[in-house]
Amino acid sequence: MNMTWIALIIGLIMLIMAFAAIYAKKLAVAIIAAGVVSLLASILYLTLAAPDVAMTEAAIGSGLSTIIFFYAINKIRKQSHD
Amino acid sequence: METIEIIGALITLAGSIFLVLGSLGLVRMPDLYTRIQAGTKASTLGTILTLFGLGLIHLDWMGKLIILILFVLLTNPISSHILARSAHYIKTPVSKLTKVDKLKDKETEKTSEANHTNPEDEL
Amino acid sequence: MIKKLIYILVLVGAGIIMAQLFAGFSGSTELSETARYYVESGPEETGAANLVTAVIVTYRGLDTLGEVTILFTVAAIIAFFMKTREQRDKPKRRVSEILTTGARILVPGTMLFGAYIFINGHLSPGGGFQGGAIIASGFALMLLAFPQANLSHKTIRWVESISGFSFVIIGVLGIFMAGGFLDNSILPLGNFGSLFSAGAIPIIYIFIGLKVGAELSNVVGHMHEKQKEI
Amino acid sequence: MEIFQLEYITLITGGLLVLTGLWGIISQKNLIRMVIGFSLFDTGLHVIMISIGYIRNGTAPILDKAVDKVNAAGQIVDPLPQALVLTAIVIGLGVTALMLAYVVRLHKEKGSLNITNFKDLKW
Amino acid sequence: MINTILTIATVLIFISFILSGYRFFKGPDTANRTVTFDVMTISSIGLIALIAHFANRIIYLDIAIVYGLLSFMAVIIIAKYLEKELF
Amino acid sequence: MNLKNPAFLFAILLLFWILLSNTLALEFLIPGMLLIVLIIVLFCRNCKIFDGAKTTPKAFIYTLVYIFVFLGELIKSNFDIARRVLSPKLPVNPGIIEAKTKLKSPMGRMILANSITLTPGTFTVEIDNDTLYIHSIDIDEEHLDDMSSKIIRRFEKYLEEIYD
């Protein structure tokens, strides 16, 4: 019963953050919001008894993706300033 | 139902109360630096107490929980320091209540060629 | 205006397809037949305590080979698009002393943790892909703390090709010494639940971890370096 | 209540996440935002696949002290969708990185991120 | 008894999530939102440990360690991006 | 060839490995040791972070004392923050002050900065050689020098015994 409540609240926060990721004014904020969505998805996988997938999502979806996104928008910012 | 387990559960409860207080500080504090004060300290102690309490409930989990505690103790201050350093460099506004800012004095007298404009960039 | 309408129509259509899918869904209370086979005979046949690992490395091993190939292609294409030049800009500002000191402890710690993840892939959650991702994040931390550090692309390429080659060699050995391609019983299965068990699974996962770690580090390194002016 | 089960809640969350990502892809003009929408879409699909493999009151498919080998079949969830999703997440990272590399190159060529400026293949 | 107390702790962690979510939407600039991200990930380490208790599996704790590592990385890269020191 | 740095790092990583695998069995210990040696050879051939560390018994005792002092300060700081957050007037009086430290070893400075970050109402914003810039939540404008030396001395007097 506990897990159901956890999944319900996590899912609600995830959807709100997904809208924030699409409608945020700055790209950096949008990427942070997408990172939060991945992070919470990882907790959702944990409640669904899938620790392998949770670890992959935490390491890849929320870690490396965010890093690569930030490197990419940093390059774009540099190009537009030159 | 042993005493040590109930003590552990109560410690966990205290830790989560500290987490709530940290987020409350995040909402109430006036500027970025005071928010980092509230956020870092309260969330660090909150997480440590939560993990330690769970370690008292399951004594055989203690090894991994100690790893987590040491990890949080090492990384959390570093990350908040780096964030505050960057925020001060790009001149994030401080609140009106701030009395002294020695670091700003130092930077203004040292560098004048720092042509670092608009922190509110589009990206 | 008409564009907005089309967008909403597309969205409604997708929503209807989703709703159709969900209407036919009823939560299952017991395993399907395929899953039951994996659960009941998996531990005996492969000796791995983590059944997801058993499925990934042995039963669906060819998928994993394809996946590693796709990652290799991605790394190669990104290297093609982001060509590098030798020298980089000097950083405008010194990296904080606290971060460099902390990174000297955290980088080896991260590498050790990544290695732990892929060596224990058959006993606890994790495996080659997760461990490789963590090793790549360790490289990223190194690049952030020491921006002038040299990430030797030559060494990374060597590690990557040698581990990929060994992975395929182990797979082919399975054909001759055991039941088929990527069969893990070319080595003794050992005691269930100990580190040296599950036949060739730990060795295969070590190679996958090294290969994925090298590829993702290459991607991060190419993203980090400055672009060549063409 | 039938709808108030764990797998239904996560299934609906995943479905709404897919729709949100799709909305982001088709309605935004900025290329980076489209990539973000794609990653949301990806996450939603993975959540759906994991929920389909969930067995009610099941635990993780890893055998240790808590789950023994003999009567594992009655306790654990389906390992097959988890293996597939694990593969899909790694491929998703590769696709995202590739798309970002393309975006960087496109911006270098055209000096803009707006999709309406790319008219080379428009008919 | 123990499970009741721990359920209350879970609810409190969710309240902390919601409060930091408020700051995320309010926060005037990117740096403030990054603080929020940091606090959220640190709280979710505690949440994962609690889920591990409810499911009674020690193996879930490995994921919490990955979380701690990756949140650190993300905060550092955002800070570097903000001060334009990323290459 | 100075063996002090690799030895310290080896001890720390071995402790990490044992706690991580949660067992003392040899089949986990020996691969771990091999891995740690490999990692030290690859990533820490010439790092000098532990140069200032002393290896006398006195330093060991002071390390233990330091841990307890630090934990006490951590709990005190949190009650301080909680009091400020909960009181309706929000009594904050922030400012950034500077303080000089006598520690030379980078490891000692990192531990000092981290401890300051985790204790009552203070955290390190910038470190520039031997000058720490500390953001404090409650400053006393008349006695700035007293305050900064008080913040620093609280930990420095123990750390001096452990690091040069």
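For the reader, a short list of remarks on this structure follows.
Note that the chains are named A, B, C, D, E and F in the order they appear, and that numbering of residues resets to 1 at the start of each chain.
The rule we apply is simple: a residue touches a chain if its C-beta (ideal position, glycine included) is under 8 Å from a C-beta of that chain, and two chains touch if they have at least 3 such contacts.
Please read all numbers here as calculations on a predicted model, not as lab measurements.
The minimum number of touch steps linking chain B to chain F comes to 1. Between the chain pairs C-F and C-E, more C-beta pairs are in contact across C-F. Greatest centre-to-centre distance from chain F is found for D, with centres as Cα means.
Separating the centre of chain B from that of chain C, both taken as means of CA atoms, is a distance of 32 Å.
In whole angstrom, the spacing between the mean C-alpha positions of chain D and chain E is 21. Chain contacts: chain B has residues 22, 24, 36, 40, 44, 60, 64, 67, 74-75, 78, 80-82, 85, 89 touching two or more partner chains. The set of chain D residues touching two or more other chains comprises 5, 7, 12, 23, 54, 59-62, 64, 76, 82, 86, 90, 93, 97, 101, 104, 108. Residue positions of chain C touching 2 or more other chains: 50, 52, 93, 96, 98-99, 102, 105-106, 113, 117, 124-126, 129-130, 133-134, 137, 140, 216, 219, 223-224, 227. On the side of chain B, the complex with chain F involves touching residues 18, 21-22, 24-25, 28-31, 33-34, 36-38, 40-42, 44-45, 60, 63-64, 66-67, 73-74, 77-78, 80-81, 84-85, 88, 94-95, 97-104, 106. Within the complex formed with chain D, the chain E residues making contact are 55-60. Put simply, chain D touches chain A in their complex at residues 4-7, 9-10, 12-13, 16-17, 20-21, 23-24, 28, 30, 32-33, 35-37, 39-40, 43, 46-47, 50-51, 53-54, 58-62, 76-77, 82, 85-86, 89-90, 92-93, 96-97, 100-101, 103-104, 107-108, 111, 113. Taken together, the chain E residues at the contact with chain A in this complex read 7, 10, 14, 17-18, 21, 24-25, 30, 33-34, 37, 40-41, 44, 47-48, 51, 54-55, 57, 59-60, 62-63, 66-67, 69-70, 73-74, 77-78, 81-82, 84, 86-87. Contacts from chain F toward chain B in the complex involve residues 16, 18-20, 22, 74-75, 77-78, 81-82, 84-86, 90, 92-98, 113-114, 117-118, 121, 123-126, 133, 135, 137, 139, 141, 144.
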